[in-house]
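For reference, the structure is listed below as structure tokens.
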Amino acid sequence: MDIATGLGLAAGIIVVTAMVLMGGDLHMFISEHAIIIIFGGSFAATLIRFPFAAMLHGLPLGLKFAFTLRAQTPRDLVDEIAGLAEIARKSGPVGLEKMTPDDPFLSKGVRFVADGYDADFIRDNLERDRDNFLTHLDEGQKIYRAIGDCAPAFGMIGTLIGMVQMFANMTDPSKLGPFMATALLATLYGALVANIFCLPIADKLHGKLVEEEINRTLIIDGILMIRDSKSPTLVREMLLAYLPEKHRHDEAELAPA
Amino acid sequence: MDIATGLGLAAGIIVVTAMVLMGGDLHMFISEHAIIIIFGGSFAATLIRFPFAAMLHGLPLGLKFAFTLRAQTPRDLVDEIAGLAEIARKSGPVGLEKMTPDDPFLSKGVRFVADGYDADFIRDNLERDRDNFLTHLDEGQKIYRAIGDCAPAFGMIGTLIGMVQMFANMTDPSKLGPFMATALLATLYGALVANIFCLPIADKLHGKLVEEEINRTLIIDGILMIRDSKSPTLVREMLLAYLPEKHRHDEAELAPA
Amino acid sequence: MDIATGLGLAAGIIVVTAMVLMGGDLHMFISEHAIIIIFGGSFAATLIRFPFAAMLHGLPLGLKFAFTLRAQTPRDLVDEIAGLAEIARKSGPVGLEKMTPDDPFLSKGVRFVADGYDADFIRDNLERDRDNFLTHLDEGQKIYRAIGDCAPAFGMIGTLIGMVQMFANMTDPSKLGPFMATALLATLYGALVANIFCLPIADKLHGKLVEEEINRTLIIDGILMIRDSKSPTLVREMLLAYLPEKHRHDEAELAPA
Amino acid sequence: MDIATGLGLAAGIIVVTAMVLMGGDLHMFISEHAIIIIFGGSFAATLIRFPFAAMLHGLPLGLKFAFTLRAQTPRDLVDEIAGLAEIARKSGPVGLEKMTPDDPFLSKGVRFVADGYDADFIRDNLERDRDNFLTHLDEGQKIYRAIGDCAPAFGMIGTLIGMVQMFANMTDPSKLGPFMATALLATLYGALVANIFCLPIADKLHGKLVEEEINRTLIIDGILMIRDSKSPTLVREMLLAYLPEKHRHDEAELAPA
Amino acid sequence: MDIATGLGLAAGIIVVTAMVLMGGDLHMFISEHAIIIIFGGSFAATLIRFPFAAMLHGLPLGLKFAFTLRAQTPRDLVDEIAGLAEIARKSGPVGLEKMTPDDPFLSKGVRFVADGYDADFIRDNLERDRDNFLTHLDEGQKIYRAIGDCAPAFGMIGTLIGMVQMFANMTDPSKLGPFMATALLATLYGALVANIFCLPIADKLHGKLVEEEINRTLIIDGILMIRDSKSPTLVREMLLAYLPEKHRHDEAELAPA
């Protein structure tokens, strides 16, 4: 569980609710008009913009991964893979049969090795999995960004529709207030959806994408070395060499000079 | 038929209509002023911006392709081409004479092979077709994007013209409402044209462009291999190797680990 | 004559005039204040931004070329050059003396060949001409774009000046209207100058620049091949090979599959 | 101490305070509403956007380095390293034991050499330090920029919430003033946080990042040459050759011709 | 003297003054509030953004060069250098002693040759000079651009502060005018500083930077060839070959075909 995403969303909701309650009641901030135009409009534009399959896979996968935190750093992963190499060295592929790593992708690879599959088959299968996964995560990121980009425009459209209705029916300027308040809600909703939800989620997914590409490539290389019964020391050394510099060290060493 | 584009457009129209009807009648949202300035202005600017031929080909082709869905995935296409290679192997080019693939581009290539044309002629002719097609699709995409970029500016121009007229004739501020409502309609129209129609269509066309480039290149390579009586297995293998990773597998395998 | 540019400008003017007349009289839309600030301000900023020589050459050349349409497609040009090669082959350089192609650049090259100039001299002279021409066209494009970018800012400045004067002298809010109308005219003028004139012209010039670079390079290569008495077939073939794919075919063949 | 950052911030605060006091009292410019939405909203969005560890390290490190000025120019650093090389040459690594350069990174390197560590160990350790440091500084820069980008949006959100409350409760337009004033404070706070603090700090950190990369790479190379007992003249010459041209000369020589 | 910069600035000031005077008196457009926030705020943000030394050198150097016009085109420069090569050929380096070219950079190089300095020393010294100069000019350009980018934001901040004060003290809406006028002045000042001064100056400096890099590199190469007693013809030919195409020819030849 990526607590930061949850905490951030909770903080955003608390801040906005506090603001709303400090100045009156929540009631006046609920507008079905604004909900329809922001969510309906963004949904319509996204439906045109992306292929249907991309929306179906990308939206939920993006949401899931924005809230998921990999329990292991790449460095932990290297340690775990080196441990598996140790076992495979000692008791052969059969020894891996009872191992069930937490990471489902690593777990799948271990099962393949334990079942004695061919190295080519393992590489093909795992690379295909990794690429499909990254493609969907990238689609998810693009969709959240596209929604974050068009939500404020639909907020403005909602406010314009409200203002046209207000002005067209206006007889007494002093009664203009409540209508104006409702019209402005669409702009407010659009800005909130974009700035508290969609754009930060898209940025986080971009970071996860980079991270998962490193991790899954690392796992594939490690599994193939285990398959080839490479020594644990060699496995660790070669995997560490693949990592970008910043992941090679423990966080504890990170105090800058 | 690309249902997503149609559904998206329908959803957009329904959302806007609902918004309009919830607050009064549709009547007050129709303004010939706004229609003239948005469509006239965007048309004028596009006429200056692009060569005449590009507009003539690009606009309808773009619209057609935004609503067209290729029934086949690249993977299906590879299967179909491998099937044609099988037939050509067994009964020679003559066996292809009765084959009429759904895809008109593939169909044209098959006809060329069946009629026994020269490989160079086939390549030249099909590549020329593909490039012309992609050029026009790209022009279409650019034109929709250009309109989507300038429509909001013309909306603002329309609103400014309306406001100047309103202020110039203003005697009683309390009667300002209906004029203001009309003036705002131009901005509303401009934002709708850009955000519900033009920009999403341009984004979709960009995706189709990438997809069609892959598909048509695939078809050309496949047709030439059929012309050379390559074995169906080889045809399938080589075509799959050309595909970007994400298209190589069936959607069914796509459940991310 | 590039009819599209003229038609577009005419359409823009008609649309705006229609809008203005539909709501009252043209009179209230004419403001010497707005004209001074938009044209004076943009002129001042452009004077600082670009060297004097660039403005002197770029502005008129840009305007001229935005309205000029090359009568020949690159394909026609290749045909014409191949025709000239035919004549030069049959009757020698002297045979070219009476030829006066419509294109002044091609005409100059033909004259050089007919007069028996050295190949190096011809190449140097024509390349110099082409580069000067492209440099000036590019400067023109940049200047129109710079004006299109700053005109809306000067419109806002004009409106701000008008609003400061209006508010400073305000005693009776109900008389605010006509002053507000005048103040808004500067913003309107700025938006019109940018969106109907400068930015579309800059985009068109960018297209012409790409096109002229292709055409003039083609002409230089063709002229040099004629000078070397290459066979018309070879001239045609080599020139076609230089063309980007989309220019190689006749428009008639362009119906996409 | 980087006086410019401190002076700039102080100047910004003085300017804003002067503006506020010239027109009345400070009191009316303090709004807990605005503080909550700007800081709470930006904090929430940043929490979603970046990994937790990046915020924890990046924000304080960025702030520290924005106010820290390296006392030495790269040129001074080369002189100091050449001096250390001189000592190491004369009295061996032991002679370095009492040297404690001001720069903590250089100091660490000198200690490693004095303690007789292996060249590979020194390089690995120092490069790891440098890369960790640069990664955190870069994260700091990105976080300040992200806050500077979203603060104005949260300012607008705060103002919208205030305006909705104001309009919803409006009965007498003439009493609208104080509410409007409070609503506008959120926009004001957002613009101040972005333009006086976050964006300039992010720009400064970007400059420091480039500078520190040069300096620390220089130190690593210098330390390794001292470890290899290279002659001081060679050390100076090689290090100067690494510097970008602008750092090679003393500032005194910089009077442009 | 670069007359265009001066003329442009004068034109900008005349246009704005004319606008101001046409609608009343200059008096109501002077606001110490606006001056403090625009100049104070931009100064504060620039102080944080750039190193102190960059501001000290960049701002005056930028201003000086925006108004300085090189009397010689690169082509003239080549002629002058070829002339110097002629003299050096005939009467040896001593003959250059009395030559004092107008360009101070060329003059310095000539002095070096006349004094019989080493070729390496001359190259090092002149390249150092050129790089320092270009670095400072580039810093100047970046600072003017940064001010042009943040001045409108500080204008908005000034207007917001004014509006908060106005609304907070508002009792009679009809007296709101003069306060509103004053508040708007900050936005007006910010837009003027950015669009009439800073951004055009930054663009001009960018052009000068490109031009000076060409000229000074040309001078260095020319001086070194004179030092080596190369023949004037060779000097001219080689220097012309270095020039970008557009500078090789006289302006007189520039009439496009």
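Going in written order, the chains are labelled A, B, C, D and E, and every chain counts its residues from 1.
Keep this in mind: a contact is a pair of C-beta atoms (placed from the backbone, for glycine too) under 8 Å apart; a residue touches a chain by one contact, two chains touch by 3 or more.
Since we're looking at a predicted model, the values are computed, not measured.
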Given chain A and chain D, the chains that contact each of them: none
Length of the line joining the C-alpha centres of chain A and chain C, rounded to whole Å: 47
Inter-centroid spacing, chain C versus chain B (mean Cα positions, whole Å): 29
Touching two or more other chains - residue numbers and ranges from chain C: 173
Ring topology as an ordered chain list, initiated at chain A and continued via chain D: A, D, E, C, B
Touch list for chain C against partner chain B, complex: 3-5, 7-9, 11-12, 14-16, 18-20, 22-24, 28-29, 66, 173-174, 176-178, 180-181, 184-185, 187-188, 191-192, 194-196, 199-201, 203-204, 207, 245-246, 248-249, 251, 253-254, 256-257
For the chain C and chain E complex, residues of the former touching the latter: 33, 36-37, 40-41, 43-53, 55, 57, 61, 104-105, 108, 127-129, 131-133, 135-136, 146, 150, 153-154, 156-158, 160-173
